[in-house]
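These are the structures in question, set out in turn.
Okay, so chain A shows up in both of these, paired with chain B first and chain C after.
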Partner chain A sequence: MPEQQPRDTPGHTPGTASEGQRETPRPTQSEGNTAGTLPPQGAPRAEPAVVARIRGAFPDAIEGVTNFRGQLTIRIRNEAIRPVCLFLRDEPDLRFDMIADLCGVDMIKLREIPRFDVVYQLYSVPHNQTLRLKAALDEWGTIDSVTPVWPGANWPERETYDMFGIVFDGHPDLRRILLPDDWHEFPLRKEVPQEGDRHEADRWLQKQDVPVRLTE
Partner chain B sequence: MLENRFEKNILTTTVDSLFNWARRSSLWPLTFGLACCAIEMISAAQSRWDFAERFGMLYRASPRQADLMIVSGSVTYKMAPLVYQLYEQMPEPKWVISMGACANFGGPFDTYSHLQGVDRIIPVDVYVSGCPPTPEGLIAGILELQNRVIKYETIAKKEGPVVAKNMRLKERQEAGLKRVVSLNQAGPAAHTVLVKSPHGERQVSTLRTGEGQPQLGSGE
Partner chain C sequence: MANSILPAGGTAIEVIDERQIDEAHRSITLNLGPQHPSTHGVFRVVIDLEGEVITAARPVMGYLHRGVEKLFENHRYPQLVPWTDRTDYLAAPSNNLGICLAIEKLCGVEVPERAEYFRVILAELSRIASHLVWLGTHCLDLGALSMVLYAFREREMILDLFEQFIGARLTTNIMEIGGFTRDIPEGWVEKCRDFIAILPDRMREYEDMLSANPIWLNRTKGIGVISPEDAVAYSLTGPLLRASGVAYDIRKARPYLVYDRLDWEVPIGENGDTYDRYLVRMEEMRQSRAMIEQCLDQMPASGPFLARESNYVMPPHLPSQYNAEDMQRHFVWTIKGPRPPKGEVYVSTEQPKGELGFYIISDGSPIPYRLHYRAPSFWNLQILPKLAQGAMLADMVALIGTIDIVLGDVDR
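For the complex of A and B:
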């Protein structure tokens, strides 16, 4: 304990630690960006280098770019998603070699068509960069699976299919992952109420030979 | 003469009391946890509360050696058939404690995936409230269950498996019936419940509210 005392005291007096961190100028953090794709905070923002690289390789793939608080989101045309992802993974100055997450969004209350968005959260381990891609698809449309690009997208795509019914073309094993295989609804679609269809769920239990007291 | 001679070594009692005393004092729960309530159950069994040793309980890994099921946590629809199967694999006599809000009635998970109370699929003897219940709460539930086990009618059960099962079904449905009746006092008072008959077939029992006392009528 006595050895820890001198180390602890300067940083842990209340108030000083958090203020000290807040006063740290932001540009010093962005100095770590070896790839240099993001400009320093506060500077007038030019088009990020990633967008320029994608535009160079796929002139008509990008539908829109938003940059909110340093979080870059690129909207990609549905058909172009797999080649763009391959490009982002393999280019030595981009190297988005990890898919951190993949999920769906039901956009029915925000716009008419297309109904769903698929959101890809990418991360580049060598360059310590993050990137978000979005692609849209219609209610019964399909989108190319990125499991051939990142094997880690396998289960997130299955989950997205499970919750929204979004079909991923070229997925090696597109089954439900959380709900039972013969479940009757895609529960995160907006038309499904929060509690789902309890009568159908009771019927499912009866099919499994479970005597259930039915929902009133 | 006999009473005086064997006073120090022999107790006279009924077989029921003896059996129930043994059952009460060695409830063997199934090693079985579903969610965060299981953490509380585990910590109740650890050295701080030590309820397993204190009440002569021993966690058994096999349902065939257990006579108490503590449903500790939320039961999803996907898990429900497995819970039911485990319950069916336990030998008679068996008891169920529903631990925590999720197992009691669904708790905060009023969602598409959660069974709204484990008593929809298996009969429950003791409900322990809390989210999650403290180990003390679970111990109170165990004590309450012990008070029930001591009243169990062993000899009546042994008249035959069919009689025993019917009696058991009846007393548990009556326990569940009270709640259903009180829920539906204003509305139409008839309910359909699916049960398994002693011969393994399905049988639909209609529970009707008579004048004052609920009655149990069964029809195919």
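For the complex of A and C:
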């Protein structure tokens, strides 16, 4: 099954990296931002400025761009994630100097391979811009840690390892963080049931549609 | 090495010359917690000590891990709101607001203006309540034992307001997707006005006790300094970031609800030490009070309180008790749940402790495919090992207190 491609809603303006909290964004403090300048009304659908900047520096790093509810998601090739993050952090007109969130996603029910996604929510304090990056990796693959780029990614990466078993290359201290050190599974993987045994969970996984369970 | 002295009529006591202790025995490892009152929950720090100076601190957490993200993935969207009460249980309405805004953004639900004003009132009340608990317990940690009684006195009034509106005090489950299903009760607004009328006096009382208190100043000034660069690099948010002089408040940067219509300021500190964080939180309580006052003035007296009925908003309660079709509609909606469109959103709100984010991936089913909970306490706590290095052991409780963690939020 191919990856979900969220359709653009007609209400929003394409080409902005800013995150309005509603469909018709209210004016926010976005003077002086250059990362996501709004194209004029009625202009042809242009590529967002931040996408063009990444494409200029790393021609083959971008695998796809989606825009849903005014939020921009850029899918980055696995190997390019750390150079792209460094670029986004250090360029004076981008300056994504804070990582707002980092988490993993088990994509096993949405596509064949690769199995996992790692999702990065970036924020630029000087330009008041948000941006979402995604990178995929296989079940036995690894991904570069971004802790050398943002020290704040340390514990979230440990948590992602704890919950999914995703291995971050170059992480200073990749251990379990919330679960005991000798825990036997990675609980947020889809084959692990909320309760009950694994065989029951396997049968549950084989069902394609998520059932509405009346007997819970 | 050790010489023995014989007191008159007693047994021999071995006196150890401290200069003779070898290096291996000079440093010790100490466990702070998990059962320790000043860790504000079940939280453990393994501390390496060189005399009284901390050389390394290793936080150990997870004692309260309940797997809320797994639970989120196994419940329908309207069932998610009560789970958020139990993460940061000191500011449950703020968490309810965060997840409601995220689901509404995913579904494209427009909330009526009156409900938006009331949501701001509840969020700011919960901010004051959370900061009051912080103030009381932080002072308790540092030896000012009486402060907690005063702080909890005012918090009690806020919890009474929650109780009068929804019936619960701590785990409130106070709002739903699309707004509120019940109206503001009779006399609630007057009671709220009474509370904000007395708050400035009460806050002056707190400051009389603390701001010129030499013990308080000695224990907070210059302790746990965070530079603005570190604060941003370590992804600190909330009062912790603003006390370091970075004026990032999501309510100003990306206004949601009606925050852009209110007149208020973002308080920021200068030095980034424990004392500045105290000042910032006190000022935030005043700003929250001003916001509540403006909201009470501007809020329409009557009008819709729940979004227009759609596939995503619960059908009204009352007709379902008289009318068979309405009852069926209500039943089917409750049992099957709404099916949001396919897509993904990340919605962050300014919770009392920092940025509260919800990242939802929807595959079109009534259950979220993935829902990540970005807990402010967990991210803020990362700075603790860096702050503790080189600090005195006695300051450790000040450092844990100033970060303002709730272990339900750290461990989830």
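FYI, the second predicted complex is superposed on the first by the 150 of 216 C-alpha atoms of A that agree within 3 Å, B and C clash if a C-alpha of one lies under 4 Å from a C-alpha of the other, contacts with A are read in each partner's own complex, and residues count from 1 in each chain.
Assume contacts are C-beta pairs under 8 Å (C-beta built on N, C-alpha and C of every residue); 3 or more make two chains touch, one makes a residue touch a chain.
Quantities reported herein were computed from a predicted structural model and do not represent experimental measurements.
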Exercise. Chain B or chain C: which reaches more residues on chain A?
Worked result: C
Exercise. Once the shared chain is lined up, is A:E185 touching chain B (first), chain C (second), both, or neither of them?
Worked result: first
Problem set entry | Which of chain B and chain C A:P151 touches, first, second, both or neither | second
For this session: Return first, second, both or neither, reflecting whether A:L110 touches chain B, chain C, both chains, or no partner chain.
Result: second
Exercise. Is A:Q194 in contact with chain B, with chain C, with both, or with neither (first, second, both, neither)?
Worked result: both
For this session: Could you say whether A:Q121 touches chain B, chain C, both of them, or neither, answering first, second, both or neither?
Result: second
Problem set entry | Doubly contacted chain A residues - partners chain C and chain B | 178-180, 187, 192, 194, 209-210, 212, 214
Problem set entry | chain A-facing residues of chain C, complex | 61-62, 65, 67, 69-71, 73-74, 101, 105-106, 108, 110, 232-236, 246, 248, 252-256, 260, 335-337, 341-348, 355, 357, 359, 361, 363, 365-367, 369-370, 372, 374, 378-379, 381-382, 411-412
Exercise. Which positions of chain B touch chain A when the two form their complex?
Worked result: 77-78, 80-81, 84, 110-113, 115-116, 119-121, 176, 183, 192-196, 202
Exercise. If you look only at chain A, which of its residues touch chain C in the complex?
Worked result: 4, 6, 9, 18-23, 26-29, 68-69, 71, 73, 97-101, 103, 105-106, 109-110, 119, 121, 125, 128, 130, 132, 150-156, 159, 163, 177-180, 187-188, 192, 194, 209-210, 212, 214
For this session: Enumerate the contact residues on chain A facing chain B in the complex.
Result: 178-180, 185, 187, 192, 194-198, 201, 204-206, 208-216
